[in-house]
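First chain written, first letter: the chains are A, B, C and D, and each begins at residue 1.
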Amino acid sequence: MDKVSNLREAIARDIQDGMAVAMGCALESLIPFAAGYEIIRQKKQDLTLIAPISDIQFDQIIGAGCVKKVVASWVGNVAAGLGHNFRRAMEEGIPQRLEVEEHSNFTLALGLKAAAMGLPFLPTKTARGSDFAREPHYAEIDCPFTREKLLAVRAIQPDLAILHVQRADSEGNAHVWGNFGVLREAAFAAKKVLLTCDEIVDHEVILSDPNRTVVPGFLVSSVVHLSFGSHPSPTQGYTRRDDDFYFEYHKESRAPEGFKRWLEKWILGVKDHSEYLALLGPERLQRLKPEGNLFSLPVSFNF
Amino acid sequence: MDKVSNLREAIARDIQDGMAVAMGCALESLIPFAAGYEIIRQKKQDLTLIAPISDIQFDQIIGAGCVKKVVASWVGNVAAGLGHNFRRAMEEGIPQRLEVEEHSNFTLALGLKAAAMGLPFLPTKTARGSDFAREPHYAEIDCPFTREKLLAVRAIQPDLAILHVQRADSEGNAHVWGNFGVLREAAFAAKKVLLTCDEIVDHEVILSDPNRTVVPGFLVSSVVHLSFGSHPSPTQGYTRRDDDFYFEYHKESRAPEGFKRWLEKWILGVKDHSEYLALLGPERLQRLKPEGNLFSLPVSFNF
Amino acid sequence: MEYTRKELMVVAAAREIREGEKVFVGMRLPLLGFAVAKELHAPNAVGIFENGVIRDWPALQSIFTISDPPNLARALYCGGIVDVMNLLQAGRVDLGFIGGAEVDRYGNLNTHWVVENGHRVRLPGSGGAADIATLAGRCIIIMNHERRRFLPRVHFITSPGYGEGAEWRTENGLPGGGPSRVITSLGIFSFDAQSREVVLASHHPGVTVEEIRRETGWPLRISPGLNETAPPSREELAVVRKYDPKRVWTS
Amino acid sequence: MEYTRKELMVVAAAREIREGEKVFVGMRLPLLGFAVAKELHAPNAVGIFENGVIRDWPALQSIFTISDPPNLARALYCGGIVDVMNLLQAGRVDLGFIGGAEVDRYGNLNTHWVVENGHRVRLPGSGGAADIATLAGRCIIIMNHERRRFLPRVHFITSPGYGEGAEWRTENGLPGGGPSRVITSLGIFSFDAQSREVVLASHHPGVTVEEIRRETGWPLRISPGLNETAPPSREELAVVRKYDPKRVWTS
C-alpha cells in the first residue's frame, strides 16, 4: 500500500489539535525539523510533545505557541545551552503556560518502551533519590521475589511518532542506522507513525537487509520524501549537522521579538521545505553533504 | 585484548560443574552444537541449561548425563517431534532426574531481559491462565497506576552464554544477522559470553557497521573460530540446516542403547570439531554450503 | 478434483486470514495457509514468526523450522522474540495459529504432558503457544481429530482457550480474544458466544457428524447452521502444491 | 609549559579513567578526557554515550553533540538509550561524568531550576545525568567553581550524590557508588568515607585555599593530605590539543 504523501497533507491528516506527538527521538540526530516547521505553519494547538532531548525542536514549537505540555528529560539547545522559549514559557507563561512531565533519559525511554510492549508500566532502579521522581507518573513498588524497592515508570503512549529516517520504501518500511535514542520505542509505542526520509527506495532494498528494518510499514500512516528533512540536525550518510544554525537560533531567540523575526524568516515566511532549502542556499547545502568512504560491509543472506 | 582460544580450552576454562548456561538462544538457528559436544566430551556435571527452544541440543546434553535442570519453554526435536532423552529423564529419571523451570517463549525471553536490564523481574500480560504460571518463578502483581493485574517473571541470570555467531573479531565484538530469538538478551544477561563463530574478521569489519554489532567484546571471555560450528543447525550465509541429521538423531535416540551408539559415533568417538567435520565428510559439507546472491546493500556512515 | 484432508485443512486455515491482517503463523499447515491467503485473497497480510522474523511474502523454499535460512532471506524484519511478542502483547496481532496434543470443550490446549495407558508422557512444552493463546486478537486451533485428544477437560492447560467457559478470560485478565475456530481433520468448529463451548460448524466432505461425535470426548454441540466444509478450489489447491511440492506436510 | 584551567580539568578527568574501564563519557571536557586516557594510560577503556553509541576509540573530528556523525562513524556499537542505560542499571559501567548548575556539600546536583535575583530560572533538566548519578559504579562531577553554584543544599536534586550524607544512598536503595570526585576550575575534591561530605583534596596551581573557600557556600573541609594538583604533562597537553585543535572547549 503506497503511503507516500507530501508534507503538508501528511501533517494536516495525521495531527489533530491536542494530540501527543513523539518527535526528535534519536536525541541530536535525525530530528524531523521540517515536519516541526510544518506543524508551526499549520498552527496546530495544545500539542503534547514527547522526546528525551529534542535539541532546539521543542523550543521552536513551544515558542510558536503550539504546545500545552512536554514529556521530556531535557529541553534546550544542546551545543549552546538554554532554550529561551522553553524558559519564557516556564518562567513567564510566554507565549502560554507550559506543563512538564519530568523524566531522565532512562525513565522517558522506559515509559515509551512500556507502551511499545503493551504494558502499563516498567520497573527501574534509576532516579530513586531524584526530586522529580516524586511526580505522579512514578510510583514505588516492591519486587515480588526479592522485596527490593523499585521505581515504576508509567507508560507513555504517543498518538503519533514523527520520525526522520535515512531510507524507506513507499509502504513505510524503514532502514535506520546510527544511534537510535528512543526511536525504536517511539515507533512501536505510538498509535501511528509519520515518516520523513532522505531517500525513498525500492522494497527490494529493504528486503536485502531485514536486520536494518527498524520500522515495519504496518506501523506507518504516511511517508514523506524530504531530502535534508532533518536540517539542521544530522542524518548519518546524508547530511552533516549545521552547527551555525543552532548558534544563530540561540542568539536570535534570546528575546521574544528576535524569535518572532527568526520564525518569520525561516518558517512562516517560506511556503514549504523546498523554499526553506532555497533560503539556505545551494552553497550551504553543499557544505553539509558528507564526504568519505565509510560504508557498511555486506553480509550474506544466501541459503 | 585477544580472546581467541580453541574450543577445548574455552569450555574447560569457562564452564564449571553446576553452572547455569544459556545456549541455543536464536531458536532453531545459530545453535552452538560444537560447543555442546565439547561439554559432553568434558563430562561437565549438574548444569542448568537455559533457552526457549534449543532443538535437539538440550536433548543431547541431557542424554549424556550433564544436566540437572532446564529453564526452557520447549524441549524436543523441532522438525521430528519429541525429544527422547528429555522424555526419559522426565518420565523415568534416565540417565538422571531432571528439573524443569517451565516457561513460554515470551516469559523466558523476559526473564533473560530482566537480568540483562539489571532488574529482578519484568511484568507481562502473557501466560495468565496457563497452569505453568503457578510455578514460583512467577508472581501476580498489580500495576501501581491502572491497578490491572499482571504477571511478574523472575530474572534469569546465566553464569555463561554460549553463542554461535557469523563473524567476530579477536576481542569478541560480534556481528550477527537473521533472527535473534533471545540471543541479545542472553549476551547481556550472562555473567560472561563464550563465542563460537564461523569467521574471525578484522576489527575494521566490525567498525564498518556498528549497528550490526550485537555482542560488544567487553562481555566476552573467549572467542573460538569454528567453521560449521552450528552444524546441524543453520548459520545464515554460512551453512544450511542439515535436516537429515535431525531425523536420524530422532530415530537413533528412540532407545537408550541407540542414543549411546549415536553419542559414541558423533561425539565421544571424535576428538574435536575437525574430526567431527571429517566424519560428516566433504561431500555432505559441500551440500550444506549456501548459494545465491543475496547480500545486504551498503549504508553510508560518511560524515 | 482430488485433495487430501490436510490440503483441506490448509485451505480452511487460509480462509481465516483476512486481507491486511498481522498473523502469527507458525509451521506446517498454517505456514502453507498463510501462503495461500497471500497469493489469493489477502495480498497485504503480514506473517510474524516467534523467532523474531516478519515476512510480507512466503518463503519460496520448503522449510522445516521457522529459523531455516529461506525464511530469513528477504524477510521484511529480523529481530528477536521480545520484539514480536511485544506486538502480540500490545494488541497489534490479529490472528495466531496454535495446536496441541489435547484440546477440551472450552478450547484449552495441552502440550505439557498426557496420560497414555496409565503412564504419564512428557511433551515438549509451550513454546510460544501460551503467548499466542493469551494475547492474540483471535486464535485458530489446528489439530488431528482423535478421541484421546478431544477431552472434556485437558490434563494441563498450556495454552488457555476459554478456561472454564463464559466470562473466564475476562475475569482472569487475558487480553486476547481467545480461540475463534478449531480446524481438525474432520471438521471446523466455532465457539458459542455465551458459554464459549466448542460447536461443530461444518463437517468435511465425506465425514459424518456421527464420526465426529465418536472422536470427541464430550457430548458435542452442533450448530443449527451446520453445513459441509467447502472443498478447496482449483486455485487454492494449486497454491498449496506450489508451496509443498513434495507433499511433505499435506500428504 | 602554559596551559589553561580547562586543560587542567580535562587532564584531571582523564586521570580518573582506569585501564579497561567502561565509561559514560558525555560531552566537552570529559569527552576530551576520555581521549587523553585512551591515548596515554587506558588504551582499553570503552566510551559509552547515552544516545546508544559505544566507542573504543575517540572520534577524531570535533563534535558539538554526542550524536554528531563523526561520533557514530566507526563506532563499536550503535543502539539506543535503553541498551546503554541497561548496562548502567546492570552495574556494568564503572564510571560516569556529570555536571550541574549547582552542587552541594554531599555532591547532589541540580539542573532543573535555580534562583537568580529572587527570580526562578528554569534549566533544561536531567538528560541522562540522574541515571548516571544513580547507577554508575562511581561518578565524577565536573563544573566551574563559583559561590552561587556551591551551596550547602541545592534547590532541587536532579542527580543525587550522597543525599543527606552518611548512609543515605544505601538507605534509599541507590545502586551506584555515588560521586568519587568533584573536579572544578579551582581544585579537586573527594568525599569523606563516613560523612560523605565534600573534602578539598588538591588546589590547582596558582589557586589558594582561601580563594576556594570564598567560592564555596559552606565551611569547606580540607583534606589532611592536601596538595597541589599536578599540572598537565607535555604528553597530556599534546593529546588535549590534538583533540581540541581550535580550543573550542579548553580556552
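Definition applied: a contact is a pair of C-beta atoms (placed from the backbone, for glycine too) under 8 Å apart; a residue touches a chain by one contact, two chains touch by 3 or more.
This one's a predicted model, so the numbers in the text were calculated from it and none came from an experiment.
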Check your understanding: Hey, how far apart are chain C and chain D in touch steps, shortest way?
Key -> 2
Exercise for review: In contact with chain B and with chain C at once: which chains are those? Just list them.
Suggested key: A
Check your understanding: A-D or B-D: which has the larger count of contacting C-beta pairs?
Key -> A-D
**Study point:** Interchain centroid distance [CA atoms averaged], chain A/chain D, Å
**Key:** 28
Check your understanding: CA centre of chain A versus CA centre of chain C: separation in Å?
Key -> 40
Revision key, fill the gap. Per the C-alpha centroid definition, the whole-Å distance linking chain A and chain B comes out as 37
Review point. Where in chain B do residues touch two or more other chains at once?
Key: 118-119, 124-125, 148, 177-178, 208, 211, 234, 236-237, 240, 290, 292, 294, 301-303
Check your understanding: Can you list the residues of chain D that touch 2 or more other chains?
Key -> 53, 68-69, 72-74, 78-79, 82, 88-89, 175
**Study point:** Every chain pair in contact, whichever chains are involved
**Key:** A-B, A-C, A-D, B-C, B-D
Revision key, fill the gap. Note: in the complex, chain B contacts chain D through residues 1, 115-119, 173, 188, 206-208, 210-211, 213, 216-218, 301-303
Study note, to complete from the structure: In their shared complex, chain B is touched by residues of chain A numbered 118-125, 137, 139-141, 143-146, 148, 150, 152, 154-155, 166, 175, 177-178, 205, 208-209, 211-212, 234, 236-238, 240, 290-303
Review point. Can you name the residues of chain C that touch chain A in the complex?
Key: 22, 44, 46, 53-54, 61, 68-70, 72-79, 82, 86-92, 175
Check your understanding: Residues of chain D touching chain A in their complex?
Key -> 49-53, 64-69, 72-74, 78-82, 85, 88-89, 112, 119-131, 133-135, 156-160, 163, 168-169, 172-175
Practice item. Flag every residue of chain B that touches chain C in the complex, lowest number first. Key: 26-29, 52-53, 55, 72-76, 78-79, 82-83, 86-87, 90-91, 100, 102-110, 113, 124-132, 148-149, 177-185, 233-234, 236-237, 240-241, 243, 246, 290, 292, 294
